[in-house]
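Structures for review follow.
Note that subunit A is present in both complexes that follow, paired respectively with subunit B and with subunit C.
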Partner chain A sequence: MVKRLVVGAHYGFRDWLAQRVTAVVMAIYTVYMLVRVFSLPVYDNAAWRALMAGGFTKFVTFLFALALFYHAWVGVRDIWMDYVKPISVRLTLHVLTLLVLVGYAGWVAQILWRL
Partner chain B sequence: MTSRTVKFKIYRYDPDKDAAPYMQDISVELDPSDRKLLDALVKIKALDDSMSYRRSCREGVCGSDAMNINGKNGLACLTDIDSLPQPITLRPLPGLPVIRDLIVDMTQFFKQYHSIKPYVVNNSPAPEMERLQTPEEREELNGLYECILCACCSTSCPSFWWNPDKFVGPAGLLAAYRFIADTRDEATNERLDNLEDPYRLFRCHTIMNCVDVCPKHLNPTKAIGKIKELMLSRTV
Partner chain C sequence: MAEAIVRKERPKYLNLVQIRLPLPGVVSILHRVSGVGLFLALGGLIWVLGASLGTPDQLECLRVVLAFSLLGLPVVKLVLLGLLWAYLHHFCAGIRFLLLDMHIGIELAPARASAVAVLLVSLSLTVFLGVLTW
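Right after this comes the complex of A and B.
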């Protein structure tokens, strides 16, 4: 391969925007859950399970997790892009990050829906 | 102002003579009329003519004497010498190859500047008179056209340190927005296409070192934000 400096991947804006949108989603979820937790009558395992057993709570918690993982994907990829120069190492790290995050998403679904 | 002695620690490196860069301690006697850091550098040059730095207009217009002053980039000609704690530590602009002492190789910086096509692109037939703008349209260029390309901002930006070959840097992006914002320019979409890249624009993580150091008090971060706003408006 010729050694030429190439830029112009024609992406970047969508990820930048997604990172902002997912941050807003996480912020709203955090406020919502704080309100729900602080309005629990008692603080015990049964109350916590009852809160997390609700269909809506599961739904928004799963959305929060997806937002977190997408946010983390853009952020961690940014770190690899900033500091890791060899393309083979960078690609490997990108793929590993993606696989771990997809795995986490499945794990979150499993945890949420077994409650 | 009275006569006073000012202590300096200056980065010295002459690749023809020195195996490695070193810091030199120098004290210099200043006259009452010496107010700016550049005045002191002129005095130091008279004491030791091997000490090298760039300078030209001595009034913050040419952008030649940008350097790292007590850890912060700035122009020697605009920096009040009495505002600086001593010893005043002078280093070359960070992140660029040193040619000698306080002189850096600006090739990479200007390469990025040229990559955004820093000129009005307009292929329409020229009118009889000049291409006119309304006062409001002209107003949009304020805070953009004043850049003197001293490189204080780009060389204080960690993203530019890590990827100077791929990230346009704050100075280049400010210039990019200067031509995107110009109503006489017809290449807005091409300019946005040129910047739609994870490295060229999106290495900016909004840490705003550029705004902190700009000797002309410009705001590259704001210009970068406006470029992103335009990308948003053509995307959604």
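Right after this comes the complex of A and C.
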């Protein structure tokens, strides 16, 4: 019988792939936003606000945030798995990490859609 | 059939002071360190985003926070500069890892060269963008 840990990595390909797919999404967004920011006519808060208030910018920024949180989840979980051996502590840290990241996702949505 | 459980203790050599990492190893551990730094700073960064797009009061609060200095050092700006480096290093090293995943540059010499490139490009971009936005 294969011994499986509650706090294991699900022993699969999915997270490995997700880590890379989210990385590519974030890399494309980073370059896109750098181009948008560098092509702003003036550098003040109004210009920044106008840029971020655009419907497409909001949409891709939120996608970036979700990709970031998934990416951070896989990366931080790997770190807990590398350095934290007691299963109870590790599970607690996993849950806290997830809760924080889900909370951040709500926070970013609120920041973007009140514009 | 009797089950013989033989557990060999694996040798560990984790004296951090004595380990001499090759440059690709330096890039790798800095990838992890920068990732941890960015994760720990995530809440603060989202706050900065929110304040920069928030009410005039929040914007003023952000200005005060950015101007904060300790013993003449603009610590908040320096932390942000560190986070800029972390992002750029994570970005460059990540692209290098994606290429390695695709079996591009996995020979010793190109792998070393790309490790040097990651370190240099992320540092120079940090200086460039840091000067531009200071």
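Criterion: the second predicted complex is superposed on the first by the 104 of 115 C-alpha atoms of A that agree within 3 Å, B and C clash if a C-alpha of one lies under 4 Å from a C-alpha of the other, contacts with A are read in each partner's own complex, and residues count from 1 in each chain.
One rule holds in what follows: a contact is a pair of C-beta atoms (placed from the backbone, for glycine too) under 8 Å apart; a residue touches a chain by one contact, two chains touch by 3 or more.
Quantities reported herein were computed from a predicted structural model and do not represent experimental measurements.
**Student:** Tell me the contact category for A:Asn45 with respect to subunit B and subunit C: first, second, both or neither.
**Tutor:** second
**Student:** Just checking: does A:Tyr83 make contact with subunit B only, subunit C only, both, or neither of them? Give me first, second, both or neither.
**Tutor:** first
**Student:** Go through the superposed model and pick first if A:Leu17 touches only subunit B, second if only subunit C, both, or neither.
**Tutor:** In the superposition, A:Leu17 contacts subunit B only.
**Student:** Let me test your reading of the model: by the given contact rule, A:Thr30 touches which partner, first (subunit B), second (subunit C), both or neither?
**Tutor:** After superposition on chain A, A:Thr30 lies in contact with subunit C alone.
**Student:** Could you let me know whether more residues of subunit A are touched by subunit B or by subunit C?
**Tutor:** In the superposed model, C touches more residues of subunit A.
**Student:** So which positions on subunit A get touched by both subunit B and subunit C?
**Tutor:** none
**Student:** Along subunit A, where are the residues that touch subunit B in the complex?
**Tutor:** So the residues of subunit A in touch with subunit B come to 5, 7-17, 78, 81-83.
**Student:** Going by the contact rule at the top, pick out the subunit B residues touching subunit A in the complex.
**Tutor:** That would be residues 159, 162-163, 165-166, 193-194, 196-203, 205, 228, 231-232, 235 of subunit B.
**Student:** Quick check: in the complex, which residue numbers of subunit C touch subunit A?
**Tutor:** Residue list for subunit C touching subunit A: 32, 35-36, 38-39, 42-43, 46, 49-50, 52-54, 59, 91, 94-95, 98, 101.
**Student:** Provide the residue numbers of subunit A that touch subunit C in the complex, in ascending order.
**Tutor:** 20, 23-24, 27, 30, 45, 48-49, 52, 72, 75-76, 79, 100, 104, 107-108, 111-112, 115
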